[in-house]
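Common to both upcoming complexes is chain A, partnered first by chain B, then by chain C.
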Partner chain A sequence: MNVVAFLGGRAWIWSFIATALVWLATVAFTGGTGGGQILTAALSFAIFTVIVGIGQMFVITTGPGNVDLSIPATMALSGAVTTKLMDTQNEMIALGVVVALGIGIGVGLGNYLLIRLLRIPPIIATLSASFLVQSTAIAYGRGLRIKPPPLLADFTTAQVAGVPVLAACGIVFTVVMGVVLARTLYGRSVLAVGQNMRAAWLAGINVERTRLFTYVLSAMLAGLAGLLLSGFSGGSSLNMGEEYLLASIAVVVIGGTSVAGGRANVPGIWGAALFLYLLVTMLNTFGASAGLRLILTGLIIIAVITLAGGGEQQKR
Partner chain B sequence: MRKKTWLLTFAAMGVALGLGSVAAVPANADTADKKIALSNNYAGNSWRQAMLKSWEKVTGQAVADGIVAEASAFTTSENQVTEQAAQIQNLILQGYDAIVVNAASPDALNGAVKQACDAGIVVVSFDGIVTEPCAWRIAVDFKKMGAIQLDYLAEKIPDGGNVLEIRGLAGVFVDDEIHAGIQEGVAKHSQFKIVGSVHGDWAQEVAQKAVAGILPSLPEVKAVVTQGGDGYGAAQAFKAAGRPTPLIIMGNRQDELAWWKEQKDANGYETMSVSIAPGVSTLAFWVAQQILDGQEVPKDLVVPFLQINQGDLEKSLETTEKGGVANVEYSLDDAKAVIAGK
Partner chain C sequence: MTQPPREIVNLGNIAKAFGAVRALAGVDLAVAAGECVGLVGHNGAGKSTLMNVLAGTLAPDSGSIVIDGKDLGRRYDVRVAHQHGIRCVFQELSLCPNLTVAENARIFHKSLTGFGWKRRAAGLIAAKLDEIFPGHDIQPGDTVGDLSIGRRQMVEIARAFTVTDEPLGLVILDEPTSSLDAVTAGQLLGFVRRLVAGGTSVILISHMLGEVLGACSRIVVMKDGGVVAGRPAADFTRDSLVAAMGTVVEAHDAPAAASLTAQRQGSVMVKARVKIQPDDRAFVAHRGEIIGLAGLAGHGQTKMLLQIYAAATRRDLFAEVAAPIAIIAGDRQTDGIFPLWSIGENVTIRSLPRMVRHFLIDQTAARAMAAEWHRQMRIKTPDMDHNILSLSGGNQQKALFARALGSDAEIVLMDDPMRGVDVGTKLEVYERIRQEAGAGRTFLWYTTETDELAHCDHVYVFRNGIIVDDFPRAELTEARVLRASFHEAA
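Here is the complex of A and B:
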């Protein structure tokens, strides 16, 4: 039974193999210098993709058509509101975290209500919600960049023996989310709903509550990521979430989670996030032009997904 | 009966035309009843926010003073060519006399711009300019903005050394131009060598991420050339990697200037900062007003960029609002000077 479970979830191995290859290629090119520092940098930045990627993974796992496009806007709003609220004071960090999560709850509820009450497809609902949220962020912050409280900045940039503290916390968090997905009622409901919504409903699962929780979870993680990222990069900006829209979906897919829903892959998120970062680093190190870099990124992602998804297609 | 109506209409039109031409005779024709619109494609960063704020401030005063009847700003929600083309078509239907446009693309909006021209509307493009010949262009010499960075480096570090280049958004005309200028500068000052080049997308977070990635593989970096909006991120990446801070050219953002001031006070750090003032939108406004006024205005105007040197740092930092961009707003007289080519 355990062997079957292991084989069923083996898709994540591919993203880690790809990560290792890309890292080796980079280090070979530089003649062995900076290998450790490159990994440190990769961990420091991958953690933000991982946080929003986990939220996105839960959403995508609840079934075809479910996706959260409001992540970048939620990050921008959370960053703008919390840095202004904390106003560089260490005592306010706890309140900042509460507000960041609160913004997430608000956005998540909004998303779900649009989907449920107005029966708008999730892709449209979360996209239109993101316009509202982004406009609020613009109106609220006007691009104001306030420094984070020193304690938050120190925490988000701290390293112990080359390992970023935030990334270490992220690994613990990932394990917790893995257990939530595999062992709790909520996690199993997510998987069941994703596999077949009607069957899950007939089996007595509260489908709508599961979807509600999932959208709220995704938005809460986006809010948290916005707060942490503004601590990490010395303040928030309106466009700081922009690149996390595609990245959050890409890490889910490359990590081996089924786009059709019902099958999630938690460790794969880490492999994919590290892979995406190291891939850009490798091509930058090689001195590839922007055009070539984008083409290669596209081709390599296709290759990894084909390899990772190969087993699944044969089964069907 | 019908004939009479026609005659009356013609008579009325004749009177209206007559009055119009009488009013247009003096050199300073009345633009008090003219409506000018700003068509803007993006608002999601501090530069664009400052640009819109300057527009609001200067045109608000112009409307209050009765120089023009209306000067509204319209921004599209997504940075999309199709959306902006539709927006310009709406502005044509709404009967604006002039449209000032910061375009999402130099050529993809040409169709909509031509429609506006054909409808007798004055179109003035700035920053993101359009190539349609009937429109006016207020362009920045982006190439020079790249080249002078190397001139400055040659002066500060005569022995030369390794340089890291941070580029903007790939595929955008501005990025190519500044990059070409930097290449020119490196050719001229051959003691400098570009050892790495990353795209920072004019955003601090993106620049920080890209620089942190390439830094471990680079030898000692003496200087960083930038495009604006990326200098602070680069500084953060150097700090996180535990490397000595090189000479980083800044891009007039308040966070960059504040960081520069901090370093200057701590260890006498020296650099310079260069970018376009977001207030160039107000120059475009006055140019449109002058054209409506019947003045001869050349189709291609060049606006100087705003450079901050070591000596001006404190003053610039004081006048730049927190989270904003160092700015210059243009008056009617400034606009006249630019039009006259001074």
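Here is the complex of A and C:
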């Protein structure tokens, strides 16, 4: 009973347990070599999923139907605009960050206005907005691959004792967002709106402002992730955000956040992001073919969600 | 009759605990055929838990369940209960809001299959609604979510009495009239009397003691998870019933009209007009007044309150609000509670803005507020950190009262807030509202109970969405309210 209560209150533990199991399986297969490197690589790649995943988590937590599908397009636009703007010069990085966040604010506002003024369901609004944003990125970038400023490239790839600096910053950022969710008025408002929008309005919460902030936050994080990812991968590309569409939603769900809204789980985002990366690594190590890899990835994600999230949601 | 009536249900020594809270401590209850048993007691006395056990939705920790002379014990669940003709109308309405009235009727009756099931389900529910609530205006094709809470309750009640292939032996009505106005409640009680005369049994749970005394043949009183009294209804009076429940009865009528200022005065806190009002009658509330909104359920009172609530945060051509505002929902599942949160979080949410220090919510202040209101409203829980759903319905309502009364609001709107609240708590809350009004708070109070209007300084009667009459307390009579509710006021 107590164990169940303990685990029930900490749904994120499952994603970390799954991560540890996958890692152990991989290391056991390789006979103990490369365990540390695999972890370093996992942290390096997972951070981008974490950044956009946290934005997506806030959006999904504001209630059923809320989802941000414009994340990949925002990442692409932000990467294209900022690499061109910074033009490999270190002193332009600060401006690049401001522009990346500004693009996020713009996209977020656009998403919200479509949802609010035209009363389009968020899934359609953000999807159609993403076509506009993606086309802008194509028109603007023309597919040119410009290198990032050296300082940005160094920062996003730097490691201290095997720990990527960016991932360490990401952990601090995650803690901050956890505090925002649990201890600030905005965080409480998100959780309240996600449980019952009408009750939240009647409890004196500014529902529309909360939703606006949330869509803007998600797009800002996507913009930032686009900038950092173009630094990490040596330049932006128009399809670099593609895999983050499903990944951002998957980490939210695997991480133990309720898809029905009102219950978010910040640490679970990390567990889930690491799990997703290590899962692919494990299947690669086992020498699974691409088709088999996708099938197994799908099945394992279903299994984890059933174990971690399913039981909890049925209780509601 | 020489033969004693057949016993339909016999519950023996039923016990049930939720964690540390002992909801039922060995309860015995027997119901005979053609008997109407009234079940009364405070919020959290265990009435709803006992009925959940009888309906099969909760398994007891121990005890025996004998239905029609058969000991069903461990194999008892909702399906078995239905097969033996036991139906339940729960306090928390259980209709599917996204389905129509007819489709909800179908869920109840597996035998409605094949071509034309929708038509047959519609006919079934419409006939029963006509029988119980003549003159109702509910269409079988209406989506349940669009109906007011009162109409949802009518559908829920009518559905419980529909019969297809399973027998109808005993119907449990848990607070059936809490959202009904006086007229529909009277129709229901009349129907219950006819039904009982025909041999069906009914268990009626209600905080309206007059209903219980009038409709039931026997009354069982529960307190703290046990039965403390069970006698024929004729042996009880309203006062002895209240005493048996353990409430101290004071001569506690509304204050005499003389103590009131005849002239309405003070600064205007709320001024609102109904958009479709044909004359220039306006809805006005002054500082420190308690304003009643009366009339039949669903005739524009809630709409008026929501219009006033919305006007506090955005400009509205028809309503002006002069101070911070809070609302106490009556439909607590839809408008009130946050089901994932603790009792404390549910109470403090409205007041968090004033607890923010350096962008963070001051947890100590939030805890202090939760503890303070735990005491003030006597919310029945060992710990305010427990989930809000661990509370009985009436105690959830107390938490909503605490949310509004503990806030900085100078105007408090109440949307028929006494649903499922027991007599003792009601008296405390009435007293509290009077005190707060004396201290300058303004209350706008929509109620379906005519008795409660006696606490109001001024009453507005609504019919078909417009104000048809308004008068000070000195002129309040039940007859006048009813007359205005049905006819154009003179």
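Observations
By definition in this document, the second predicted complex is superposed on the first by the 302 of 316 C-alpha atoms of A that agree within 3 Å, B and C clash if a C-alpha of one lies under 4 Å from a C-alpha of the other, contacts with A are read in each partner's own complex, and residues count from 1 in each chain.
The criterion applied here is as follows: a residue touches a chain if its C-beta (ideal position, glycine included) is under 8 Å from a C-beta of that chain, and two chains touch if they have at least 3 such contacts.
What you see is a predicted model; the values in this text were computed from it and never measured.
When the two complexes are overlaid on chain A, chain B and chain C sit side by side with no clash. After overlaying the two complexes on the shared chain, residue contacts for A:192 are found with chain C alone; chain B is out of touch.
In the superposed model, A:237 lies in contact with chain B only, and not with chain C. Taking chain A as the reference, the larger set of touched residues comes from B, when chain B and chain C are compared.
Of the two partner chains placed by superposition, only chain C is touched by A:184; chain B is not.
Applying the stated contact rule after C-alpha superposition, one finds that A:174 touches neither chain B nor chain C. After superposition on chain A, the vertex angle at the CA centre of chain A, spanning the CA centres of chain B and chain C, is 130 degrees to the nearest 10.
Of the two partner chains placed by the overlay, only chain C lies in contact with A:204; chain B stays clear of it.
When the two structures are aligned on the shared chain, A:262 is found in touch with chain C, with no touch to chain B. Minimum C-alpha separation, chain B to chain C, in the superposed model: 33 Å.
Put simply, chain A uses no single residue to touch chain B in one complex and chain C in the other.
Residues 309, 313, 326-327, 329, 334-341, 345, 349-350, 352-353, 356, 359-361, 363, 403, 407 of chain C are the ones that touch chain A when the two sit in their complex. Residues 26, 29-30, 33-38, 41-42, 44-45, 131, 134-135, 138, 141-146, 157, 229, 233-235, 237-240, 242-243, 277-278, 280-281, 284-285, 287, 290-291, 294 of chain A are the ones touching chain B in the complex.
Chain A meets chain C in the complex at residues 179, 183-185, 188, 191-192, 195-196, 198-200, 202-206, 258, 262-263, 316. On the chain B side of its complex with chain A, the touching residues are 43-46, 49-50, 53, 77, 167, 170-171, 196-199, 201, 203-206, 208-210, 212-217, 232-233, 236, 240-241, 254-255, 322-324.
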